[in-house]
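Here the chain labels run A, B and C in written order, and each chain numbers its own residues starting at 1.
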Amino acid sequence: MVFSFDLLLEAVVFGILLGCFYAAVSIGLSVSFGLLDVPHIAHPAIMVLGSYGTFVICRYGFDPIVAGVVLMPVFFVLGMGVYRFYYEAFERRGSEAGVRGIAFFFGLALIIEVGLILAFGVDQRSVEAVYIGKSLSIGEMRVPLRFLVAFGVAIVLMTALTLYLSKTFTGRAIKAVAQDEAALRLMGANPVRIKQWAFGIATAVAALAGALLIVIGPVEPGLDRVYIGRTFSVVVLAGLGSMTGTLAAGLILGISESIVLMHFGASWAPAVSFGLLLIVLGIRPQGLFGR
Amino acid sequence: MDKILLKIEGVSKHFGGFSALDGVSIAIAGGERFGLIGPNGSGKTTLINCVAGSLRHDAGSIVFDGEEVSRLPAYQRTRRGIARSFQIPRPFASMSVLENLMVPLEYVVHRGLVVTGKTEAQAQDEAMAILRDIGLAEKAVTPSNRLSQVELRKLELARAMAARPQLLISDEAMAGLSSNEVSEVLEILFKLNASGITIIMIEHIMQAVMKFSQRIVCLDAGRIICEGTPASIVQNPDVQRAYLGA
Amino acid sequence: MKFWVSAGIAFALAVIAAATLKNEYYFFAGYTVLMFVVLATAWNILGGYAGYVNFGTPAFFGLGAYTAAVLFKATAAPLALQILAAATMSGLLGCAAGLLTLRLRGIFFAIATIALVVIIETLFNNWRYAGGATGLQLLRPPPTAPFESYVKMLFVLMAALAVAAVAIARYIERSWIGRGLRAIRDSEEAAECSGVPTLRLKVFACTVSGALMGVGGATMPMYLSFIEPASTFNLNYAIGALASPMIGGTAGYLGPVIGAILLSTIQQVVTVTISSEMNVMVVGVLLVVFVVAAPEGILGLIKKWTRSSSR
């Protein structure tokens, strides 16, 4: 292990790009789990589903980011359906639902993963685009262009979502329902409809995140497993319900992973996100900016 | 009156920027019937949660029976004699009414490592006695998720009583009940107090609170705005303002 | 008494099978089924009784297996000692994990258990003495008398372990600890206010659960004569341990047994006739269907049918 400042700097820069990507990937979970309290273990699986959807659309010659955007309304409807089902089957029936709700999403993730294997096989799939395969030279470093593109889209996505939640009426209703459902009911709004809408948005965001995922690198059906660790550690580190915290937490994770990857190798990298998660849960479970 | 059983001094609790309790101080004597009123959101349930141990207060002290209990988890406070019922009943839904009472009997009163044949039978007798007092004896083997509202409220009280408490906190046990049912519950609380149990009653049903309490404290926005006998409370302009709005 | 009679009969059948049947395949399959009975029973102590979902079965199972393997490599210890060591290590892991995360809500515990699998797998991937990523070969000692076949011996041993695991689960279930766990599952806040030391009971359940999972894994290295991280920490153990009780029924000790036998059988049939991916799909679908439509599992359905037919 050679320690050099240049190597560290490169790791940090790469980590920032990666971290923003992780934040974008996790922000859907920040809404569905952080705000709505749904134990959505299947979020990464749905994101991978989005990656494969992007792959299919790209076969017709479309740009992957465009494909992701096209998928968003489809996934929005899908998300609303999933939440409605979850609500009717579990949340409505009370406290015993805790175990069964988690088991349900676990089963859902399994079904999605196996469905993808049956449809596409276990081999890795990737897409092509103008910006995939080229690198940009910044100073002495070579940064792959696709990471910059993903970084850019991630920033736009997160800004849009944060603005939506704080500036629009529906967005603020979503934040309100997370804090005080009873008060919302008294105001005449229907919390279930709002949560359904929010879950739909979270799922749509997951679709675009899936597109970014396949831009950054090849995907395979089992990829959701490592992303369970990454997304949940970001959301928990951020503090449930904090959008700005998601960006900070994503950066922390990205930089940590990048440094470990460059200095200790790939065999230790998966442990970083999960290790971070355990540390946060043990020391400060409410995260950096928790409610 | 007897000596002070529960002394709450300067208790404060914040949730983020929101101050739910702000420097609340109350002293309750042993055997007293104490009423706690206040509009929704005034901090009544938060205060109860801090006393029972479900929440940790941020500042101040809570002394029960001469002992500072602030650092104790809820189950140890129950073992020392503080019992509470829940505003929205939380029965152990997979258990029968009788079994619901077995939990505090086993964990507070008997605490045996192995429930031997004798201890289990003895505990069951004790549970049945409590159910008879409360009026739930015929429902002993009914699954607790099949009870009516008033029966659920009675179960909450019965389960709290099974912990053999010195202090019983009744959190809105009468909310949403018919006037007959309110009288039933009120009678139970009077009977319990007559047997020596200190009772804190949180209620919105003013008639019940007035009839029951020897002393009343009114909370608003986390602070005490009035303290005194039922007669003086009813006439207090601050209390009227708190309930009806300025 | 009924339980011990049935358990005795089941064990006796296992011994008779070992003495009479020739085809080794039965014992390979039987070993696997019994192992899943142990894992499902262990899972249910925390998952079914207390209501805390554990995705991390492979961590406890794998730690138990590796403990046994490393102990054998270092000291050629006999099976009994390997099993004891495995139970201890996995029990300690359960205790530590429990203390760390059981103060939090159920979903956080569930995620933390996923983290455990990855971290422990990563540790063993990088530990050269235990074989690292390529794995460790082990030379089996000869089977102890009166067994001539090592696999048959492991089969009978696993049958004994399964009976022990179910007996332990049954004991906990019927004791005041079981009632306390059920109170936690039904309403943790009310349980705490009823004098139940919720954290202590949860950690206890997690420790016992972990230890039994370690026992389930302890004989794997000897069974395969080989151990390596990828297959030891396989997701299938997590799926099997979770799905068996949820399908069989989580309320009592029989549910996991029924579920494990059913799922293992399905696994054998589907994997051989169609594919192993299809097997996971079938399990996933069954899990979702049961969790949504029959939350009390097969045991619950049987109870309902017998109740309605007796009217």
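To be clear about the criterion, a residue touches a chain if its C-beta (ideal position, glycine included) is under 8 Å from a C-beta of that chain, and two chains touch if they have at least 3 such contacts.
What you see is a predicted model; the values in this text were computed from it and never measured.
Two chain pairs are in question, A-C and B-C; the one with more C-beta pairs in contact is A-C.
Of all chains, the one whose mean C-alpha position sits at the greatest distance from that of subunit C is B. Subunit B and subunit C have CA centres that are 42 Å apart. A separation of 32 Å divides the Cα centre of subunit A from that of subunit C. Looking at subunit C, residues 185-187 sit in touch with two or more other chains. Taken residue by residue, subunit B touches two or more other chains at 93, whereas all remaining positions touch fewer.
Contact of a single residue of subunit A with at least two other chains is seen at positions 95-96. Across the complex, subunit A meets subunit C through its residues 33, 39, 41, 89, 95-96, 98-100, 102-104, 106-108, 110-111, 113-115, 117-118, 225-226, 228-229, 232, 236, 267-268, 270-271, 274-275, 277-278, 281-282, 285. By the touch criterion given at the top, residues 175-176, 179-180, 182-183, 185-187, 189-199, 251 of subunit C touch subunit B in their complex.
By the touch rule above, subunit C contacts subunit A in their complex via residues 47, 51-53, 55, 100-101, 103-104, 106-108, 110-112, 114-116, 118-119, 122, 125-126, 133, 185-187, 235, 239, 242-243, 246, 250, 277-278, 280-281, 283-285, 287-288, 291-292, 295. By the touch rule above, subunit B contacts subunit C in their complex via residues 52-54, 73-76, 78-79, 83-84, 86, 90-95, 99, 102-104, 106-108, 112, 114-115, 159, 162-163.
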